[in-house]
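Letters A, B, C and D mark the chains as written, and numbering starts fresh at 1 in each.
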Amino acid sequence: MQFGSDNQVGASRQILEMIETANSGFTHGYGDDQWCAEAAGALKDVFSCELEVFFVATGTAANSLALSCLAKPWEAILCHHQAHILRDESTAPEFFSGGGRLMPISTQAGKLEPRHLEEYFRRTAQDPPHTARPGALSITQINEAGLVYSPTELSQLCSLAHEYEVSVHMDGARFANAVAALDCSPADLTWKAGVDVLSLGATKCGALMAEAVLFFNPEHSESFSYRRKRSGHLVSKGRFFGAQFTGWLKNDHWLELARHANSKAQQLEKRLVPNPSIPQIWPRQANELFVAMPQQLSDTLHDAGAEFYQWPNHALPEGITLKENEVFVRLVTSFITSDEHIDRVCELVDQYETFHQCV
Amino acid sequence: MQFGSDNQVGASRQILEMIETANSGFTHGYGDDQWCAEAAGALKDVFSCELEVFFVATGTAANSLALSCLAKPWEAILCHHQAHILRDESTAPEFFSGGGRLMPISTQAGKLEPRHLEEYFRRTAQDPPHTARPGALSITQINEAGLVYSPTELSQLCSLAHEYEVSVHMDGARFANAVAALDCSPADLTWKAGVDVLSLGATKCGALMAEAVLFFNPEHSESFSYRRKRSGHLVSKGRFFGAQFTGWLKNDHWLELARHANSKAQQLEKRLVPNPSIPQIWPRQANELFVAMPQQLSDTLHDAGAEFYQWPNHALPEGITLKENEVFVRLVTSFITSDEHIDRVCELVDQYETFHQCV
Amino acid sequence: MQFGSDNQVGASRQILEMIETANSGFTHGYGDDQWCAEAAGALKDVFSCELEVFFVATGTAANSLALSCLAKPWEAILCHHQAHILRDESTAPEFFSGGGRLMPISTQAGKLEPRHLEEYFRRTAQDPPHTARPGALSITQINEAGLVYSPTELSQLCSLAHEYEVSVHMDGARFANAVAALDCSPADLTWKAGVDVLSLGATKCGALMAEAVLFFNPEHSESFSYRRKRSGHLVSKGRFFGAQFTGWLKNDHWLELARHANSKAQQLEKRLVPNPSIPQIWPRQANELFVAMPQQLSDTLHDAGAEFYQWPNHALPEGITLKENEVFVRLVTSFITSDEHIDRVCELVDQYETFHQCV
Amino acid sequence: MQFGSDNQVGASRQILEMIETANSGFTHGYGDDQWCAEAAGALKDVFSCELEVFFVATGTAANSLALSCLAKPWEAILCHHQAHILRDESTAPEFFSGGGRLMPISTQAGKLEPRHLEEYFRRTAQDPPHTARPGALSITQINEAGLVYSPTELSQLCSLAHEYEVSVHMDGARFANAVAALDCSPADLTWKAGVDVLSLGATKCGALMAEAVLFFNPEHSESFSYRRKRSGHLVSKGRFFGAQFTGWLKNDHWLELARHANSKAQQLEKRLVPNPSIPQIWPRQANELFVAMPQQLSDTLHDAGAEFYQWPNHALPEGITLKENEVFVRLVTSFITSDEHIDRVCELVDQYETFHQCV
C-alpha cells in the first residue's frame, strides 16, 4: 500500500539492464560517450526535432539550471504559488540564477491561466531597473495538483509570455505521465506549444537518478555546460545517464511505465471516490489522486501500513474547506503499483465505511 | 508643485553646514573618525539604548545588508506584497543574502497583520530542507501606503515572528515621519516593540545620501562589516556620513524636518480631499497622500508643472476600484514643501472643480 | 591501453550487484533509507569514529559543498596552485561559497608545506574587513602530482591551519589509493591528523557515481543539508548512494580495488621508467605515473590506441624543463587495468627504444 | 605630517561649492538630472570620445561592478598579485561577478607585463568548462607600487588580452595622478590603448565620495544599470555625484589637484631619499613614495605625530630584502599636503640621521 511518492520505488528492470550493458569497457568521461550520444538521438526522435540535451542527477538541478539560462539575476521567474520549484526545492532557483527572484503567482485556481500573468507582465515592464521584470515562466506538467495542461492551454500561456519577452520552462518531473494521460505527442506538449526548455524527469518514472534538460531553442543553452560544471552536476561517468535514458526511451518503455502508473491511479479513483466519506479535491488526470478523508480513516490506513502524505490545506482549491476532523491527502501510484496494493487499501476503506454507516 | 518624492530635493542647510565643518583636516578613513563616533553617540541617545550602527549611502544597501544578516541563503524574507524591497529594489535582497528568497505576503490590507503571517509561519516550519523557512520579516515604517504601524501593532508582529524564530527588520526610509506622526519615542517604535534591526533613512528626510543600519541585538551584526566591505558600501571618507547624521540629529533637527513634511501633507489633505472628484484611497498618516482623481485633472496638473506619480492599480486596497477615467496618484511632501506649492496645486484643483460643476 | 583516467571505466561487479539488491521494494526517499544507514555505519567503522556523512553524485559537489561549510563568503580558501578544485572544477568553490575566494598558494613544490602557508596566514590576519582572511585550507590526497601526504605531514599542516583558525578540508577523490599506498588507517590520514572534513570519492575507485562528505567535527556540518538541497544535490532515490557505498566498503572491497590500481601503476613504472627516453617527473606513490617522453613516442602510442593525457608544463616541478620535442604526460591505472594493457604499451615503448637506439 | 592615505583628507573647496550650488531646488532622482548630464558631458570632453558613464560612491563598487560586466561567473578576472582588488576589497569581485574567480598573476615585478599573461592565457583556453578561462584583466593606474603604465605598455597588455578575447578594466582610483605624472591625454591612457572600461576615482583626488565607471565600449555596459541598482549603488539624490564630478573636472581642477599631490611627493622624495638610512624601494612616479627605514626612525616619526603606513614585506620587489630592524613604508601625498608637513617630517629625519651618524 505504497502511495507516498513515485520516488520511493527503485528502477525498472530494462533500465538496470542497460546500466549493466553500459558498464563494461572504457569510454571518455563527462558525457562524451556512445550512450549519451544514443540517448540524445532517441530524444530527438521522441520529440521530432533538433534539440540540445544535458543530463543531470536531480530534478532540482534540471529545473534550476534550466531557469538560470532563461532569467538574468535581476529578473523574476514566475510560477504558480504551489509550484514544486517554490515549495520543495529550497532556494535553488535563487541560488542558480545568481540571486534572481522566484515570484509566486497567487491564484486559487489549480493551473496558471493567461489572466493571472497578463496583469503581472504589464505592470512589471514599467520601471527598470527598480522593478524586477519577469525573465522566465515555469509551468509544471503534470502539475502540483495532478492536473495536465493541454496543448491549447500551453500555447496560450507561451504566446502571452513570448509577447512580453518572457521565456518558458516546463518542469516535467512527471512529463511521461502527462504524455500518457493526454495521449498526444511530446512535441505537441513542448516546442510546438512554445515551450523553450523542458526538464524531463526519468527518475520518478523508472530510472535510478536521471533527468534531462532539453533546449528547443539553442540560443538559450549557450551557458548550460558552464553552469552545470560549476554547480557540480557534470558527472564523470556520464555513460550511466546515457544508459538510463536509452533504456527508458527504448521501445516506448517510458510511456508503458507511465501508462501503468496512470491506470493504477484511475483504478484507485474508481474505487475510492464513490465513497461518501472520501470527496475528491482535484480531478485525477494522471497518476496522482487528491482527496479528503476523515482523520480517523487516514489514521487507520497509516496504522495498517499504508503510505501516503497528508497535503497542506493551503493547497486546497478556492471555495473548498475541509470538514472538521477531515484531512487533505495525496495518493501517488508508480510503475510498480500492483492491484494487490489497491485492493488492500480499498478493503480497509470499505471496512471503515461499513462500520461508520452502521453507526 | 513638487510632490513626486521626498528624494527630489537637496539637503537641509544644517546638514550641509556640518559637512563643511567636517571637511577640514585629516582623519582616519573608513568610519574610524570623530564624526562617526559623534553620530553613533547621538543615535544611542535618540534610541535610549546600546546599539551597533553602520552607515551606508542608500536605502537599498541598508535594507539588503541588514536582511542578509538575519536570513540565511536557504531561508525566506517575508514582506508585504507592496513592500519597497519587493517592488523597487530590483533583486537586491536576493543578491545580498546570497540567493535567499524574498517572499511576498499577499494581502489586500494596507498593513501586515499577525493573521497574515501565522499561517505562513506554521506551514513552512514543516519540511526542511525542502521548504525555505522564513528567517526574517521586514516591516516598512511608514509603509508603502503611507500608513504607520503603532507600537502595539509592531509588538504583535514582532512577538509572533520571534515565536517562530524569525528576526524582524524595519525599513525606516521614512522612520522620521513615523516618529513625528505617532509622537512616540524612537525606542517605542523599535527595540521596545521587538524590532531587531532598523534601516534608518536620513536621505529622504534631509540628508544628501546617508542611511544608518541600527542593530539592537548585537549578535545579528557580527558579519555586517564584512558584508558592507565586500558589497562596496564601506566609504573611505566615512566622516561625511558621520557629519550628515550628526547634523541631522542635532537639536531634534530630524524631527523638525519630518514634522514640516507631515504637516504640509496634512494641509494638502485638508484642502484636496473634500473635493468630490478626489476620493482618498488610504488615510493620510504622515507625509504621503494617496488619492484618486480624474485622468483629466491629473493631466491638467501635470501640464501646469505639478510633479507627482500615478500609482499602480495593484496597490489599491481590497474592494476599491477606480471609476472609468480615474487614476490613482501619490503626493509626497518634503522638508522644503512650501505653502506656495500647496496653494498653487489647490487652486488648479479648485478651477477644475468649478469648471466641472458648472458643466 | 587505457591510462587516461580512472573515471573512464565502469563500476565494479560488487557495487552493481548491491544496486540490484537495493532496487526492489519501497523505501523513503532523500536518503532516509536502510542502505544509507548501512553505508553510514560502515563509514563509522572504517574511520573508527563518530561522523556526519552526506552523499552526492560528484567530486565537485562534494568538495564545494564541504568548503562552503568551512569558509564564509568573505574568506579565502587556500589550495596548492595545481589543485583540482582550482584547475578543473570551474568556479565551483566561488559559486557554492557565495562568492568566497579561492586562493592559490603558488609553489614549485609538489605538495603544500607549512612554510608556504605560514607567511600567508600571518599577513592576511591583519586587516579585516579589507583583506579576505583564510577560512579553509584544502589538501588533495593523493594529490595532483600523484603524491601522498603522510600522517605527519598532514598533522603539521592541520595544526598550523588550526592555529590560525583555518579549517581543513581533504579532497579525497583518490583517498582509497592513498590508504592503500600508505598502508595506514583512514583515521590516521584524516581526523587523527586534524582534517575537519573529507570528500571521500568512490567514483574513481569503483562506483558509478557516488561521493561521500564526512564531517569529523559535527559543528561544521550544520548547514550541509540545506546547501545540498538548494544546489540540487539531494537525490530522491537516495538508496542508490547507500547501496554503492555499502558495496564499496564491504569486506575491504574499496582497498582491494585501490591496491589493484596502485600495483598496476607500480608495474608500469618498473617497466617504463628505466627507459632512457622516459624520465620520471614525480615519484610514483599510488596509481598515477608522471613522466616525460619524446613527442614522437607519445604520438606513436596514441596512434596505436593508447589513451593518456599530455600534462601542462606549468605543472612541472621547479628546476625541471623538458627537452625539445619532449612532452609531459600522465598515466593513470584503475581497478580494471590488466597486465595485457601494460604489456602492450611497454612493448610499443620497447620497439621505439630499440629503433631509436639503433639510429 | 599626514602621509597615511589620500583618502584621509576632506574635499576640495571647488567641489564643496558645486554641491552647495546643486543643492537648491527640485530635480528628478536617480541620476536623471542636469548635474549628472553636465558631468557626463565634461567626461566626454576630457576623454575626447563617446562613452557611457555611471556614478557610484566607492572605488570597490566601481571596480567590482565594472568587472562583473566583463567576466562571466565561470570566468576568471586576472590581476597583479598585489592588486588593490585582490588585497583590499574583500571578496567584492567574487560577490559582484556572481562567483567568478579573481586570479592573481604572481610576479615579483612591479607591473604586469605581457610575458606574465601570455602563458596563462594560452593554457586556460584549453579545457572548457573544466578550467575557468579569463574573461577580464584588471590593471591599476597608478598601481599599488606607485608606478605608472605608459601608453605603450598599456597597448601591449590590451592587445594581448583582446587577442584572447579578454576585456580590459583599469582601476583608476588615482588615474588623475597618472595623467598628471605622464602628461599625456586621458584618451591615450585608456581607449586609445585598448582599455574597455575605466573606474575613474575622484574621491582620493578631491571629492567627498564619487567615482565614475566609464565604458568606452557600449556593449559592455548593457547590464550595468541593473547591477548598480541591485547592489544598492543607485543613489536617489544622484545630483550630488553629478555636482562632484562637475566641480572636479571644471577648468582642469582635477589635474591641478593631482599635480599638487605629485609635486609634493617629488619634494618629499628629493629630501628623504638621499638619506643613507632611507633606501627607495620603488621609483616614485606619482604621489606615492615607497622606502625602507630603520624601525627606530619609523617609531620616532610616528611618535612625533607623523601618519604613514608600514607596508607588507610580501610587496617588496624581487631580490630586495630588508636589513634587520628595517621596515618597509609608504608615504602618500594629497591635494592638501603642505610644505610645512614635508618640512617637519624631513627635519625629524635629519635629526635622526645626525644623531646616528655621530654615533
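Keep this in mind: contacts are C-beta pairs under 8 Å (C-beta built on N, C-alpha and C of every residue); 3 or more make two chains touch, one makes a residue touch a chain.
Predicted model only: the values in this text are computed from it and were never measured.
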Looking at Cα centroids only, farthest away from subunit A lies chain D
Applying the document's contact definition, name the chain pair with more C-beta pairs in contact, C-D or B-D. B-D
Let me have the rounded angstrom distance from the C-alpha centre of subunit A over to the C-alpha centre of subunit D, please. 52
Taking each chain's centre as the mean of its CA atoms, subunit C sits from subunit D at a distance in Å of 41
In angstrom, rounded to a whole number, how far apart do the mean CA points of subunit B and subunit D lie? 36
For subunit C, jot down the residues that touch at least 2 other chains. 73-74, 89-91, 95, 98-99, 129-130, 226, 229-230, 234
Quick check on the complex: what are the subunit B residues that touch subunit A? 73-76, 87-91, 94-95, 97-104, 106, 119, 123, 126-127, 129-132, 312, 314
What does subunit A use to touch subunit D in their complex? 72-74, 98-99, 128-130, 223, 225-230, 234
So in the complex, the part of subunit C that touches subunit A is made up of which residues? 2, 4-5, 7-11, 16, 19-20, 22-29, 56-62, 64-65, 89-92, 95-96, 203-204, 208-209, 226, 229-237, 239-240, 307
